[in-house]
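Here the chain labels run A, B, C and D in written order, and each chain numbers its own residues starting at 1.
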């Protein structure tokens, strides 16, 4: 029987290795798999390349992972937050590198990586500083840049419901990058508020089919990043 | 500015409002116009902010503020959301600006300061893909420097992408001949605006090139 | 008020012009918008380029449009059918041209067209006769072909439910190419078995958001192509 | 052949079965192995054909035959379906063949006949993307011509893509040195198979190159 459920978040991230590339779902706190990230802080893997739209808030979740010195490179579109100096300090000190990617290009690169598309052309960023180092090419009289697919060793994803086959549905705008990252990572790990039986999720409404998911773990009552930050929490 | 801009938004339009002052536009759109708001983090049919206490941490807009979803809304992932943007499906976006050039170049994501953390978000995607790009900005910086300039000195967001600018002093189109004044704010003279602009303005009703 | 509903299938296709490119949803009979196609036969536009995975069955639906001589070019992956000689005869006589595209490349080209991606690289068809005329390029030691996005003037789509905003959900494997074609066409026309009020479709389960749809029309009890073919029907 | 192939399908695998004989494989997979079937027209978790009269015209497989959906199934559009294929997410596909070369080239979509209507479907996508490609075929054509050949004369579906071939005479891997016999059908000699093969075979247990 196919059963992708693992018992704990610690089990779920146990094999993340040093220098791995890790995609982390979420846009701000919406969809941030905070319990999986904290398990990764505990687990200790370091020298990670992390792909996320942002760089976290306060000193919890992604910001905690960065603060712990585990992230050598961030690939993101918006590494600023009103309430976190964790990334800016490490970036300015040269300890964490940054690859800045426009948000839509980041999404499309992740999708391409998951879909077996090595590269594609996009009009975004033509004529801007982010064109630097990229091939420019004209199609039908308009200029485009060549962008490459992104893949990862692991993806950490937050879902609303999942089943043992790995089918996932999300909660509102928490969906954001997660379905794309699930496609692009070799090992996709999903924390879900409930694990249901196969067949309970209507096949018409499954957002991430199980083929893209390797592990699911139940986190029934996930923390909200904004509440932790407001309370001044830090992890560990 | 937001109020004036809102008058130019047509009923039936699909609109993305940038973070900050552009977000205010929605409140001023005449009530008889049904406009559908897109927020690039994955929602079409975005409604107003929730009542106090009724918000949800996972129902937010691109500015990471809590919002609501109107009847007829849809959630989707980022690749689909930016397909809407890049594919030219949105009618209009309204953005802020650091500088706009007479050729319609926009700089709105970075001052290029050495110690700044560069952060671009979806701005470059929006200006590259959305059919019409409006900018809302104060006419000058707090120091009185022109923001409407011959050519931008700050890093660009896009080249030749801006269609119209709403400032505290005027409404200005980007025409083939540069900044074309469409409308002056009440009590403001053309000369007053020209003095505060870093490139030649064409007067209202003048040759639009 | 936004209301994309039109009264009849004839109204829905009234402005299709000669030499237009028309994407038609469906894989075999699943998702084939047969009433819209028949309305297009009646409407009379000709010299059309049609994009569909197949070329229709019997002498109804797409096969009827082809038989009526309205299609000058087909872009498809599998222009054969056990029960239709309509396309083969026109193809062999040189009256209808064919651009043969692998099925996955066809899907990705349509998605690219809708997503503002002018071109992308794919491993499919490298070293085969379908490589002819295409740029080959190596990424990380593997060869890929450059493929271009496809767009269309019109798309004809069959949905299960739609609302006046143009949101659409589909029926099982009738989904196939339709959500992609809705993205790639300037004017997307959806026939749906029921038109519901905005809000009746859960925002979590909408497959095609209304931004991709320009017209919806109610076809409460659509014909099944296989039943028409079995009955020996032909249109008109 | 389908029965023998089925024994090599592991529990937990994501599998795409081509139209025709490959479709028969599912019925022979040992019952204690949970295998998830993908059909490229947009369904993961495909089940067996429906009971007579219970089928639905819009629940079909890639061969356009009516099927069912198992608990845990999901429907999706073609771009997502072929992302599964092209992106290397499927473990295995089983296809028919006109010819297979000693280098693993596959020809299975066209005889290249002048008056044939060319039709490729998803075959080229499958062989380019799926991790492991099995072929099921009669060892020779009806006329007795070899289908396992030194190099294909029919138009190719993919270059160097086949991993293993199941024929009525043998199970044969594509190794670095060419056709490597893994298993002979009961009562069939190596020489008998070699005579009916258009390239050198390496015997069972021989050097796999």
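Just so it is clear, contacts are C-beta pairs under 8 Å (C-beta built on N, C-alpha and C of every residue); 3 or more make two chains touch, one makes a residue touch a chain.
In this text the structure is predicted, and so the values were computed from the model without any measurement.
Between B-C and A-B, more contacting C-beta pairs join the chains of A-B. If each chain is reduced to the centroid of its CA atoms, chain A and chain C end up 34 Å from each other. Spacing of chain B relative to chain D, judged by their CA centroids, is 54 angstrom. With centres taken as mean Cα positions, chain B sits 29 Å from chain A. Shared interface positions of chain A, defined as residues touching 2 or more other chains, are 108, 111, 115-117, 122-123, 170, 172, 203-204. Of all residues in chain B, those touching 2 or more other chains are 43, 69, 75-76, 79, 82, 85-86, 128-129, listed in ascending order. Chain pairs that touch one another, listed by label: A-B, A-C, A-D, B-C, C-D. The touching residues of chain B, counted against chain A in their complex, run 39-43, 56-61, 64, 69, 75-79, 81-82, 85-86, 105, 110, 115, 117-125, 128-129, 155-159. The touching residues of chain C, when paired with chain B in their complex, are 1-2, 111, 113-117, 163-165, 167, 183, 197-199, 201, 203-204, 206, 209-212. The part of chain B that touches chain C in the complex is made up of residues 11-12, 14, 34, 36, 38, 43-45, 69-76, 79-80, 82-90, 128-129. Contact residues of chain C toward chain D in the complex are 27-31, 77-80, 87-88, 91-92, 98, 100-108, 110-111, 122-130, 170-180, 207, 224-227. Residues 108, 112, 115-123, 139-140, 142, 144, 148, 169-170, 172, 202-205 of chain C are the ones that touch chain A when the two sit in their complex.
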